[in-house]
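In what comes next, subunit A is part of two complexes: it sits with subunit B in the first one and with subunit C in the second one.
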Partner chain A sequence: MLDELLAPKYLGWLIGGFGVTLLLSALVSVAASVLGLGLCLARVAHSPLWSWPARAWLSVFRNTPLLVQLFFWYFGASALMPENLLIWLNTPHEWDLKLFGVRWPSFEYLAGFFGLTLYTAAFIAEEFRSGVRGVPAGQVAAAQALGFTPLQVWLNVVMPQAFRISLPPLLGQYMNAVKNSSLTMAIGLAELSYASRQVETETFKTFQAFGIATTLYIATIIVIELAGQWLQRRKPAPGASH
Partner chain B sequence: MDFSVIANNFGYFMLGAWPNGPLGGAALTLVLSVVSAIASGVLGLVFGIALAMTRGAAHSVLLLGLGFFRAIPVIMLIFWTYFLLPILFGIDVPGTGTVVVALSLIGGSYLAHSVHAGIASLPPGQWQAAAALGLSRGQALRLVILPQALPIMVPSFINQWVALVKDTSLAYVIGVGELSFVATQVSNREMVYPTEIFLFVALVYFIFCSTLELCANRVARRFGTVEG
Partner chain C sequence: MKKLRLATLVALSLLSGLAQADRLDDIKKNGVLRVAAFDSNPPFGFIDPQTRQIAGLDVDYARELADRLGVKLELVPTNPANRIPLLAANKVDIVLANFTITEERAKQVNFSIPYFASGQQFIVRKGTLASPDQLGKLRIGVDKGTTNEIVLREKYPTATLVAYDDTPFAFTALRNGNVQAITQDGPKLVGLLANVPDREKYEIPPFSISDDLIGAGLPKGETRLTEFVNNSLRELEASGRAQAIYDTWFGPDSRTPLARIFRIGDK
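Then we have the complex of A and B:
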């Protein structure tokens, strides 16, 4: 039945592209969360030595289009790199990790991952920051009164609550990472949108090509949404239930 | 770094081939942004009010429709409109029109939720008081609810428009000659200055977006919902 829709070869292209989309957005989500947390901490720091560079980063990366950023990393940064580094990045390296071999990603993949991560981190940092601001000041004061060190206040009181508050918008940013990964097609990464365009040009079956790709995107978003609802039910935000 | 490439192509970056050809570059980016901003604002208001006024099945259908546009990447929607619009209307739709339709639908879907949230944030007593004064639901909405709810929504409208300015760059994928497309053209022609070109283009977008963001912060401060 799927044969009537699309030949297996083209279905394979779409599935392959979907795999690239999923892996790329998962890697980006993890890396951008770590980086975003660091950015958020720098942004809320009292010292302007930390907070101003963080402000500048957030402002630049949030107020320029992701597409232009990707072009910059793909075309622009490679022109700035020392030649040796570029050659090293472009040559395949193999690591045999016993269980599975890790293939060295293409330069498109590296540039896409790098660009998407820096962009997404700027948005995630702001979600964390509103989470931090959502923790009542009395919580910090109470922890200090109990003799917690500043680090303990952060790790044991502020962060767990801030994380729960920012969980829903954080998941929204992961959904954006999935959708934004489609922009890497512009630098030639064969992810889902790229694959759907390829299949469409080769087969002229526009409805099938775009339809399948659209369905896969929607399914991914729904899965993240459901995961979020499940997490929310297990760990409701403070104040949501008493 | 050699920024003479920017100076030599400045007119092309700003206006495209105009006045000897179609308008392009930063000017086309602005036109696309303004037209889609207005259209998405109108769509957002209409669907947001519809969300606030409907119950039951109609409400669910509306939520599903808006959810669809929020779940798919902008690029996919541009592909769809590029392919479907000529079929639906039986005429050749230019790339700029395609992009405006796609961006307005996505922007409108996001704004609809902000509008709905703005209306829902007013205490129910406002509706009840309007009803007690003998106003119909439509009159209550127009005379009592919207005048109070609209100012609350202004910051989210402006934030959505910042996203929209950035998304106009995706017109690149169907070859519309806006700023990003023009940048890749110049970059391909000159071959050796991609860093300078994309830095400059990023700066132009940055000016557009941060100007809007400054407006959003000012408006937010004025209406008492301070951000940042």
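Then we have the complex of A and C:
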């Protein structure tokens, strides 16, 4: 059983799927971090004009299943789009930029990226917020007493510390993004889980197909974990023992 | 031990001696043709809610065979797993239950010539797909884990395949324009299309890229009975009766219209 390895063609499918998983989770992590920071700032703003929409966003995206959200963006939202836009999104487009060609991603990729980013951003925003709240109020008051402008207080006092406090939970969210990306197989995105299921269907080598996929996921999570430990050693969170 | 083995051998030879009696003669003598049919696989074999009897395309063929023999028809409901055991245990004379002809099964039962072909076909928006050559350029929705996916990838490697959890999901993707075609067995596709409100926008182009041939299952070694069924099927095609049976279930006026690609005697 174990000595029957997969043919190179099928290993190629798995590696291709793994590539899609890595790129998708990386893009989602970056986009969701930017969006999450904005959401966090809106959420802690004093004006209800900012904080209430942010509250609504957080509650909608944190309290509904990701799978349903993905179905909504792929099947639901596309039913509302103008037909021409949809046709354009579903036809392959390529641009030759001298050095390398750029290919417009498939609609499955776009819907998966969009859905995962909005979902992950809601969680990242809350991690940032707990980081902001972890900065003692006395420091803000002290900075203001020293004549810092509100922007300076944020940029020089609150943010640097908030980032370091929220780093460990943030890495947890990036790991979640990697794992959650597997749900996009339901909307037909050919990432790692989709590829392993496809290999299993064609080869009936169930153990190998899902075993390799599991190993690749674990390896990714371990790399994120190690990166996190390394970052924390370099910049320990305030209050952590030196 | 040796004695027991000898006794078994004697018993077996006696049994096989009994089995050699010709089944066709037995049917005529008993005045009953026993046919196994599905009771929950429309339109091949299902319980008609009005008459509470088993009806369907397979049943129509069974009735024709019984009429030709001039005997009474006795239908025995079956499921896929019971088809071969029913024949082997002499509980039925013929199995007419959407029985796909395979080499593996042909080792255990006799098959008639095929009377139906269930092919892998496509649903597309009207007028967008005329011939199989175009498939290589399309985005096609398939059901996860089906042989349809494998066959399509082998025959049209340049087509973009998107796999969904089941056929209704794939159809939603087609309606939304995420894929330009979806594929499944023809009879399944017409069944799906029958329940779609805007079905006039879609069509099933009259070609298939693979065929599962459906034949009558008969007891192993019953050559005369097999010959009788084969000849009857050819005559039914020649007389137009086979077309009429097809039209009852898949004709243009039926609930599930599907162009007839396969005719008895084609393969």
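Following the convention adopted for this analysis, the second predicted complex is superposed on the first by the 234 of 242 C-alpha atoms of A that agree within 3 Å, B and C clash if a C-alpha of one lies under 4 Å from a C-alpha of the other, contacts with A are read in each partner's own complex, and residues count from 1 in each chain.
Here, contacts are C-beta pairs under 8 Å (C-beta built on N, C-alpha and C of every residue); 3 or more make two chains touch, one makes a residue touch a chain.
None of these values were measured; they are calculated from a predicted model.
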item	value
Which of subunit B and subunit C A:Ile15 touches, first, second, both or neither	neither
Which of subunit B and subunit C A:Phe210 touches, first, second, both or neither	first
Subunit B versus subunit C as contact partner of A:Gln198, first or second or both or neither	second
First (subunit B), second (subunit C), both or neither touched by A:Leu86	second
First, second, both or neither for A:Pro65, with subunit B first and subunit C second	first
Per-residue touch tally on subunit A - higher for subunit B or for subunit C	B
Partner chain(s) touched by A:Ile222 [first = subunit B, second = subunit C, both, neither]	first
Subunit B versus subunit C as contact partner of A:Phe75, first or second or both or neither	both
Contacts of A:Gly188 with subunit B and subunit C, given as first, second, both or neither	second
Shared subunit A surface residues [contacts with subunit B and with subunit C]	75, 78-79, 186, 197, 200
Residue ranges of subunit C in contact with subunit A within the complex	139, 141, 144-146, 149-150, 160, 162-165, 169, 172-173, 175-179
Residues on subunit A engaged by subunit B in the complex (per definition of touch)	59-60, 62-69, 71-72, 75-80, 175, 178-180, 182-183, 185-186, 193, 196-197, 200, 206, 210, 213-214, 217-218, 221-222
Touch list for subunit B against partner subunit A, complex	68, 71-76, 79-80, 83, 162, 165-170, 172-173, 180, 183-184, 187, 192-195, 197-199, 201-202, 205-206, 209-210, 213
In the complex with subunit C, residue positions of subunit A that touch it	74-75, 78-79, 83, 86-87, 90, 106-108, 186, 188, 194, 197-198, 200-202
